[in-house]
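Notes follow the structure.
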Amino acid sequence: MGIHTFFTSLNDLERIIRAPGRFKFEEHNVAAHSWKVSQYAMFFATIEERSGKEIDWKSLYEKTINHDFAEVFIGDIKTPVKHSSPELKEMIARVEEGMMEKFILREIPEEFQATFFDRMKEGKDETTEGRLLELADKLDQFYESFAELKRGNADPEFVKMYRIALTKLLHIPLEASVSYFKEVLLDDVISEETVIDVREITRQVLQE
Amino acid sequence: MGIHTFFTSLNDLERIIRAPGRFKFEEHNVAAHSWKVSQYAMFFATIEERSGKEIDWKSLYEKTINHDFAEVFIGDIKTPVKHSSPELKEMIARVEEGMMEKFILREIPEEFQATFFDRMKEGKDETTEGRLLELADKLDQFYESFAELKRGNADPEFVKMYRIALTKLLHIPLEASVSYFKEVLLDDVISEETVIDVREITRQVLQE
Amino acid sequence: MGIHTFFTSLNDLERIIRAPGRFKFEEHNVAAHSWKVSQYAMFFATIEERSGKEIDWKSLYEKTINHDFAEVFIGDIKTPVKHSSPELKEMIARVEEGMMEKFILREIPEEFQATFFDRMKEGKDETTEGRLLELADKLDQFYESFAELKRGNADPEFVKMYRIALTKLLHIPLEASVSYFKEVLLDDVISEETVIDVREITRQVLQE
Amino acid sequence: MGIHTFFTSLNDLERIIRAPGRFKFEEHNVAAHSWKVSQYAMFFATIEERSGKEIDWKSLYEKTINHDFAEVFIGDIKTPVKHSSPELKEMIARVEEGMMEKFILREIPEEFQATFFDRMKEGKDETTEGRLLELADKLDQFYESFAELKRGNADPEFVKMYRIALTKLLHIPLEASVSYFKEVLLDDVISEETVIDVREITRQVLQE
Amino acid sequence: MGIHTFFTSLNDLERIIRAPGRFKFEEHNVAAHSWKVSQYAMFFATIEERSGKEIDWKSLYEKTINHDFAEVFIGDIKTPVKHSSPELKEMIARVEEGMMEKFILREIPEEFQATFFDRMKEGKDETTEGRLLELADKLDQFYESFAELKRGNADPEFVKMYRIALTKLLHIPLEASVSYFKEVLLDDVISEETVIDVREITRQVLQE
Amino acid sequence: MGIHTFFTSLNDLERIIRAPGRFKFEEHNVAAHSWKVSQYAMFFATIEERSGKEIDWKSLYEKTINHDFAEVFIGDIKTPVKHSSPELKEMIARVEEGMMEKFILREIPEEFQATFFDRMKEGKDETTEGRLLELADKLDQFYESFAELKRGNADPEFVKMYRIALTKLLHIPLEASVSYFKEVLLDDVISEETVIDVREITRQVLQE
């Protein structure tokens, strides 16, 4: 019943834990994740802008803060599920979309429905902003798995998550950002003392 | 790879929170829920047995402790999602089934696969044990929503959850159990002091 | 040493609890708060844009996501402290500023220092974006205190926080937004069932 | 005041933490523990059944889900206490028994009292089901201590707990189950990467 | 082995939750409780001193900070257990004493054993300091139950705990303190807004 | 409004987390910290007394339990902030003092104001008791950082905290206590198995 419902539902995302079920040294919620993504994206957009790309800041802002809002409906589906088959992944995407449509039609005042449909649609498209979102979202997965490996979490899922995130990061078609990530940031990351040998895992991924 | 994987995955269910996102005074995990369901079911099976029904205790034991194991794969999908459309509900059921099949084929030793397929299949069938599972599962939803209303949680979702659980409980085709629930247990429930008027909500449901 | 340090420090803000010490039914962290502020601000910026104002989206994006970053240094100073005297408030502001300057000079690579000094400076200025930040920040305080009153938290501090936030919201020089807040949103808020009589408190504030 | 009191007291066990006071990476509650025990017991009962033993499934079901109910009265007494002297252990057992008797006489309707006295009595007797309960209960202690050692918890109490649980497991008079545990399960356990050298501790216990 | 073991065991008491199992809006640990008791005791000792009593401050200091150290061995036994029968209460006291003796002989260097035996013995004796400890301990129970009633916790156990604590407080043979409690402090307590009618419960107790 | 306000504010300190923001394996609150400090201080006062010093137990009792009460106003300012510059540290001290004065004048009855001003003033003076407070407070920092290093927390801040605490401990002008700490206690500490090499760090500090 209006924007008030939307605003209070934001609060629910502070209670949705990412990667539920799994043992983790640090728990993260979807609201905080969204904020970190918006921070990473702003930094790399700055890099891209300096390298000559034009940034549509409004679009980037919209994409980053809204990209996981749909989790308010179904929670954070455990990642291995999402990755287990393209068919399952699509099914889940359709469930989320259906819920989102329903929510907008029922809760958002008519005058704002078009805006919400636009803002809440899948943000990871072929635009520079879509790619920055993709990079920032992967970077948070990279950091979340890194933090577990650093503290000695031996659950193989986190090694896998780290490898997948790193591999994807290295292939996002944003030259300046990926280059900065690879040549500057990654260096600082792997010079940290870690319980599990992240430097070696990183070296392997870089060689592949 | 093997029963060890199955055993450690049980532990993950102690970390899966039911009804994630929603504000609740009390949080419940899926492991503890499964235990409570197995307790309720044992009590009502005793009632049914006394009223002349034959109970297959092995089947009841299997059904109750395994009925939510699939949540280890996708977490506790928020209930409103499950209830929002029969199509969505079925889609989610298919996702869970697919994950379960994959898990059994990959993790469970061949000699036990048939047993696991049998134990992990949907337990809420037309048998007395299937109905006792249905009753016990609804009873936990009844108690979880009751506890929130009792403490004054004004989220309308919990009134709805209480109404739905109570209505379903009253219509489960287990005469002796439903009669005991309605005439004895419910009386004790509504004589508790509650912040939200549960007695009145109950009266309304009973009249419908 | 570098952007990596900045990125990992973002994570610390997910562990900084707002209004520490005070009994609250819901705890909020600074990272999630920042995200909610960026959401509210986007909505009201849309309102302002429709009413004819021009919005600098990049600036709004920067202001909202960075406005509480300094809390990484000193935590969330209890609000009554901040409000207790203008002198104390200023002293704390100077402490934060000093810490921020130190952090940028030591951790941020030289090529980005100017950008960071610009982004991390106090965002609540006289621009439309500064005012939208002010409105969004107050709105979160409004919602946080509202949620406590709704659940019956009788700590007088939350009534005070609600009154102050509401009063300030009504006086922010953003006509379209304040009018939408007052005429649409507030109506939905006070039509919720609450343990403490928020409707009455609201009525009193509106009359003053 | 009836079965309602019994049902709500089940909920309290979700709040009783096992091994309170001790630093642990993972906390477990008594309700979830009871469920895991009922799962392990079902698996090993299947092993025993296949090896020719007859299983009284109703008895096994009753024993496993009820075996720690008495902790609702006194909480989880710290294990070192229980192990410190046979006299203390017995004293605590008598306290629990006294509380249980009192509870059944006061809360459980007369028609169910005999059933409750039967179900709530000490389950670890000489029957196959009693031994399966003993095995399953020790297995959970084994897994809880293993998980701490795996993550590097250097509290010597957990090495001790692991040794004691393993030793007891190897001597339970259930040939098929112990053989499966020793030859199959244990192999998977010690092939996990662990911070503390569990493989070596295990080898020592096996040699004793 | 040595004072280091004693010092680290203090830390365990920060993890022992008081009144485990019970639903509470606020959880308290034994370490924090001990500190609050030492604060209340200091205040009332000041009152007694002003009224002419002589205070042995060293004894009061020792008694208050050590009075619950024994819980490090067995945790916080649920209060209803302790109150259920004098026999049970004594049995638990003997268990604690036995554990304490064992601990001192094994961990504390010989030169300090006499001091520790003296400091760790039951502190609630007939001295002024013993009575101040009794008063301070009851006052914390009074405040813990008050806080639950104030927030609407309808668990009858908390009304009982409040009544018992208040009744005992009023009968402790420390005239000046009890008079200050009754005439000054209690007035402030019952003038707070509470969900459950604490004023009425207090009035009833005062009349008895 | 009286001592009741003071007593309930003690409770708030059970909710103030020390070193907020930082990842830690163990969280500590200010109330429990104060109690541990009062325990350490009592032990070392005993050492000093045996070595011939006279102890003012009342003063020690007052100093230890009150030394962090001011955190109720501003929370636990992150230590690096306090250490970052003498000017900042002093500014924060002045903020705390201002808040404390205000609190006493507003909340404490006139007859007790002088007593409270005395008890709440900075306790770390040149008296034996002031030095014992300093030692006990540093010892808790020593233990908190030790526990993190022991469990493998690689945050360099904890190595720094350990070094600073140890260095300061070794230089406190309390000969008997420092000698006992250095020759007896420290030996037990560094003989524990730790993930990070605390023994080596300790050796380095001792050599400096």
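When the chains are written out, they are named A, B, C, D, E and F in that same order, and each has its own residue count from 1.
In this text, a residue touches a chain if its C-beta (ideal position, glycine included) is under 8 Å from a C-beta of that chain, and two chains touch if they have at least 3 such contacts.
All figures in this text were calculated on a predicted structure; none of them were measured in a lab.
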Exercise. Determine the set of chains touching chain A that also touch chain D.
Key: B, F
Quiz item: Taking shared residue numbers divided by all residue numbers at the interface, is the value for chain D and chain E over half (same) or under half (different)?
Solution: same
Quiz item: Hey, which chain ends up farthest from chain C, C-alpha centres compared?
Solution: D
Quiz item: chain B and chain C are the same sequence; what rotation (0 to 180°, nearest 5) superposes their CA atoms?
Solution: 120
Quiz item: From the C-alpha centre of chain A to that of chain E, how far is it in Å?
Solution: 49
Exercise. Would you kindly tell me how far, in whole Å, the mean C-alpha position of chain F lies from that of chain C?
Key: 33
Quiz item: So which stretches of chain A touch two or more other chains?
Solution: 11, 13, 23, 25-26, 147, 152, 195
Exercise. Pick one for the touching-chains graph, please: line, ring, star, complete, other.
Key: other
Self-check item: Contacting chain pairs - touch in the sense defined above
Solution: A-B, A-C, A-D, A-F, B-C, B-D, B-E, C-E, C-F, D-E, D-F, E-F
Quiz item: Any idea which chain E residues touch chain F in the complex?
Solution: 1-8, 10-11, 13-14, 26, 28-29, 31-32, 34-36, 38-40, 42-43, 46, 55, 57-58, 60-62, 65, 109, 112, 115, 139, 143, 147, 184-185, 188-189
Quiz prompt | In the complex with chain A, residue positions of chain B that touch it | solution = 11-13, 15-17, 20-23, 72-78, 80-81, 84-85, 88, 91-92, 94-95, 98-99, 102
Quiz prompt | Touching residues on chain D, where the partner in the complex is chain A | solution = 25-26, 147, 150-152, 192-195
Quiz item: Touching chain B in the complex: which residues of chain E?
Solution: 23, 25, 152-154, 195
